[in-house]
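Common to both upcoming complexes is chain A, partnered first by chain B, then by chain C.
For the complex of A and B:
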């Protein structure tokens, strides 16, 4: 422990690793066949609820990632988690659902650059090729045995890896080790 | 390692899943009236076949959903994956 988020950065050849600033994350459960539920989520996020496995929706206010047939993660970089959860709860007050602010439980690492797929492939059995895992795709899986949520958020590509805060150091140590072969020429030895 | 096709997420490594034992073991309707022997029969006794087995799996590290699988316990071949709550899948009769 000890080092703050701004220190968690690694720049290698066609590869950037870094920790993202704290992000509002709210886990949402509800019935996707209930039109009033889908409509209420839309009024808060201005986004359609992604109904297909592995899909996400992104907008200016928030993004929504599919976690399961009745579970989503609503994220925002522009609102506090407590505010986001409060607006969802208000809009969903009359609807059977669950809204839980989970932002404090997780952190997000970004893995970007044309070597990003090669780094993640060392510890993740998902096929992250763009044909199988296109822009906007997300999946919960294991990365080096750690439960993660992987989201292709940028076409560069940039993969965002959500991981439990308790695994923050472990995940960073693994990413740094997996990235070491892409270190700048000077420390190739 | 098995590759198991989650009904929602598609084929994933076995390490993402948890095993839930034999499928379609229903709680007896008259559970409070059962004799100890009948209760033990429900609680502990399973068919444990050598061959095709209907069993429950959960996608713990994915969508966290429970579903059913027909697997051959000797060859590890998976014949079918189907939703929890649906009727027992027909067991395939061709040899493994």
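For the complex of A and C:
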């Protein structure tokens, strides 16, 4: 398996695995008690900064994922990474914070369908039950031996798995192996 | 092929589905629903194994996990699995199993000589016999292993799939017998997330084979209705064929689930390891029956009474045709009555108690079964199968011989407290039950049913309901609506006198087994106690009682009782030896799960990996990274390739994939102050747009990591770290920021993965790059950084080189790395550009004397030792400063970095070669040790120098420059001259630029 450009996809019984198109991602660091910081982020993203662990905010322009008490991931499907970073930097110019473009650092795999939780449970020790990990939740954890960011999002709830670009092949090979028992009958070879 | 011992009807088997199987090469038939053990018994096969030490013929003894005898080698070749209990193997068509620990055959085993000479093999035999001379143990061990082994481990790679599943629940119920089912039901009705795990193929526990009525119907109808309700509950997960093997801290429980047959589907796993985190646990693990101790109590055909009843009622198998039942309680009569109902002749019921007046004994007598009270077995006959017992009243008197082909023994019941004990729960001796039961719990765990010595069905049901409800409530859930306990009709039972179970015959010279699997006898326990091994943990190790793969599930109770008798104390004061996970062996394959083959360890690849692969790169592992090591052309050796790549860099231009280098983005108003404290060299004075080599030390003043500090703006830095140190350094920075200097407004973000980085090195690098760059790179001073475009890609351009000489490094977002690389390779064609790998990089940097952290350093090397003290600023605070200021840090005889030149320029010393003062060989040194003055840290053939070069750490090395030392090899000695650690000059381009 190489760094091929083609998007990876697998459809099984009540299960869809796929690689998401590249998206803009910016890591944002700052002081959540600094009102001007929170306001400036809101101006750019039209979103409130999520302050509770594991929560996210999603809007039309962007989504913001909580990564730590002073750390967030701002993602956008509609803007280029450099533009997103530039507009945040401009809005936050006078504030002590950090805006770092990390869009190229990651691959995002989507795991959807009613068997998604079972596939992820093979490598993730977190409780992903809907009572404990509802729509919009995110967490940094391990999937098998790969550090990942797991985010449950979308109208049709789908787990998005952010993984380091260098682990793209490993993570896909693992997902495919974990999903193999849900292979559609036709693929049962 | 008939199944002679199968009843005409009854049992939970599907008589329409015939399954064929082989045992020891002979073909048999069984039915769907059988275990291997029940199918063998249906074919009147009792003899299934040879015992561990004495190679005595052994038969199937029990019904489940406690089986000590019938361990078989399941399947063959790659699928084989040793030491599997025949009682737990679900029969499938085509199953092949073999007996173990016999040669040449089960019926004729030469190892049985051990039994003949057994007086020479007492308890502690190995300790007494093989201790001297100590050097001989390695030889004895081989022979002993061959004699005493059980099954054989597979030699071929496992072709099956295995995986692992994490699960979370409010209430985990272990065991799906009456107590477990009622616990699961009451917890589920509270709305709890419940996991019900049971090792059997179907739920019911003892109800699968006991004849009870619940609510006026056969008990299995109640089981079916409960299972239907649980299956329909959305938050209940039922795990059948799942054996809970380990109970760890924080209610973390590990269980192994097996799927029907080894080769059912290419995609389904064969076994799955469950890692369950439960808020509350209910253990309804039941009990196993206790064996009786009497002379030659291990002959095939001597079984546990409950097991005999189980084989009859669950599998429709009569294990014998003329049966003697020996019992210490009313339980044995159930077996007698059930067998009699099935038309099996009962030769006698031998009740060891003086009085047998309960409901069940009366029933037996009413059926015309002969009941002998106050008597015990004093001898048994038969070799491959029991043929008779001799019985005698305790009070003495005539010995009577009773012919039989099956002895069913019942010594009371032993609660299965293993998991409770693993959970650090204390055990309590229950005198009424004559057994250890769960006492004080140390984790949120409750017990219900016969594990609590609640032998009666209505007790078990009531305890289960209560425990399940309480567990749900402890999770903050509302208790379920009023639950009505099912009504049970069961005969009253009088108490068993379990103290009679282990008495044995003190006078008998025959073996009386206590632990069947470890071949430990009544005499062994007595001997051990007399020899002073009279603490339970000592006795266990001295006699090996309880050390078989069954961990003494059945035998331990009698061992403790016998030791108590020997010490004249109560069993409660003796205690139990510690139960440790696993309750039952778990295969390594299940533990490894999917983490095998390509998923064994993650492989990290750079964005340019595919190019390297297509161009024949040989990769090396750098942590999890695959790095191109060298790019051999057709027919080229490693040496030739590296020499060519080095010369390309020194004379033309070469390109290295440096993407694996750790990169950390540092921002904030206090970023400069923070880095000033982290690095031993000055950082604040670095001007924006400039770079500097930086050394990080640990508090002990020793080198921790190195890299380049680039100041991108007043409050913005980018650090590089070693490839292997990226995560370590990021954690180190966070630790200091979060725990020591939270007042510093600084943010660190690891960006290793964000950038692909290419090192373009060599005199032609500037000509190659200049036309592609949006900034004037000729104007860039050494150790500087600019932001611009390279080949139309937004990039950071660094002027620096780890290879030494003229060079640039280009960093672009990782998703453009492949494009950058191929563009530069294309543009470099007219300069005859060569990709170079890590091996050439190592040679090039060594020529310049640049260190590699982890190669020239090992955590005990300071910057002073490396000759880098000129980088260290003494007028500021930094981590390691105080340690570096100690006089010891400047001791003249510390090992210091030097260069080495061998006398013969073609001699390349091995890295790690040691250096001594006078010529000698390793053979000499072995006889007459001499002080080691240092060792080689790096060693290469340098094409630029046309000779070998090496770096070394040598005691007082700087003072010895110009002197010669000697490197002793196996048979000769190499003379080396110490030099400054730099072989290719470029004095204007020193490290700190």
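Definition applied: the second predicted complex is superposed on the first by the 177 of 189 C-alpha atoms of A that agree within 3 Å, B and C clash if a C-alpha of one lies under 4 Å from a C-alpha of the other, contacts with A are read in each partner's own complex, and residues count from 1 in each chain.
Everything below uses one rule, namely that a contact is a pair of C-beta atoms (placed from the backbone, for glycine too) under 8 Å apart; a residue touches a chain by one contact, two chains touch by 3 or more.
Small disclaimer: the values here were computed from a predicted structure and weren't measured.
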(request) Go through the superposed model and pick first if A:164 touches only chain B, second if only chain C, both, or neither. (result) second
(message) Quick check for you: in the superposed arrangement, does A:54 touch first (chain B), second (chain C), both or neither?
(response) first
(request) Give the label of whichever partner, chain B or chain C, reaches more residues of chain A. (result) C
(request) Would you check which partner chain A:27 touches, where first means chain B only, second means chain C only, and both and neither mean what they say? (result) second
(request) Kindly classify A:142 by the partners it touches after superposition: chain B alone (first), chain C alone (second), both, or neither? (result) first
(message) Let me test your reading of the model: by the given contact rule, A:130 touches which partner, first (chain B), second (chain C), both or neither?
(response) neither
(message) For A:77 in the superposed arrangement: first (chain B), second (chain C), both or neither?
(response) neither
(request) Using the touch definition from the top, say if A:46 reaches chain B (first), chain C (second), both or neither. (result) neither
(request) Name the residues of chain A shared by its contacts with chain B and its contacts with chain C. (result) 125-126, 145
(message) For a test of understanding, state which residues of chain C touch chain A in their complex under the given definition.
(response) 161, 163-168, 193, 265-269, 275, 277, 593-595, 598-599, 601-607, 609-610, 613, 625, 665, 667-669, 745, 747, 749, 751-755, 794, 813-816, 818
(message) For a test of understanding, state which residues of chain B touch chain A in their complex under the given definition.
(response) 8-10, 12-13, 15-16, 61-65
(message) Which stretch or stretches of chain A touch chain B in the complex?
(response) 53-54, 67-69, 71, 125-126, 139-142, 145, 147
(message) Can you tell me which positions in chain A touch chain C when the two form their complex?
(response) 2-4, 22, 27, 29-30, 70, 81-82, 96-106, 118, 121-127, 129, 131-132, 144-146, 164-170, 173-174, 177-178, 180-181, 183, 188-189
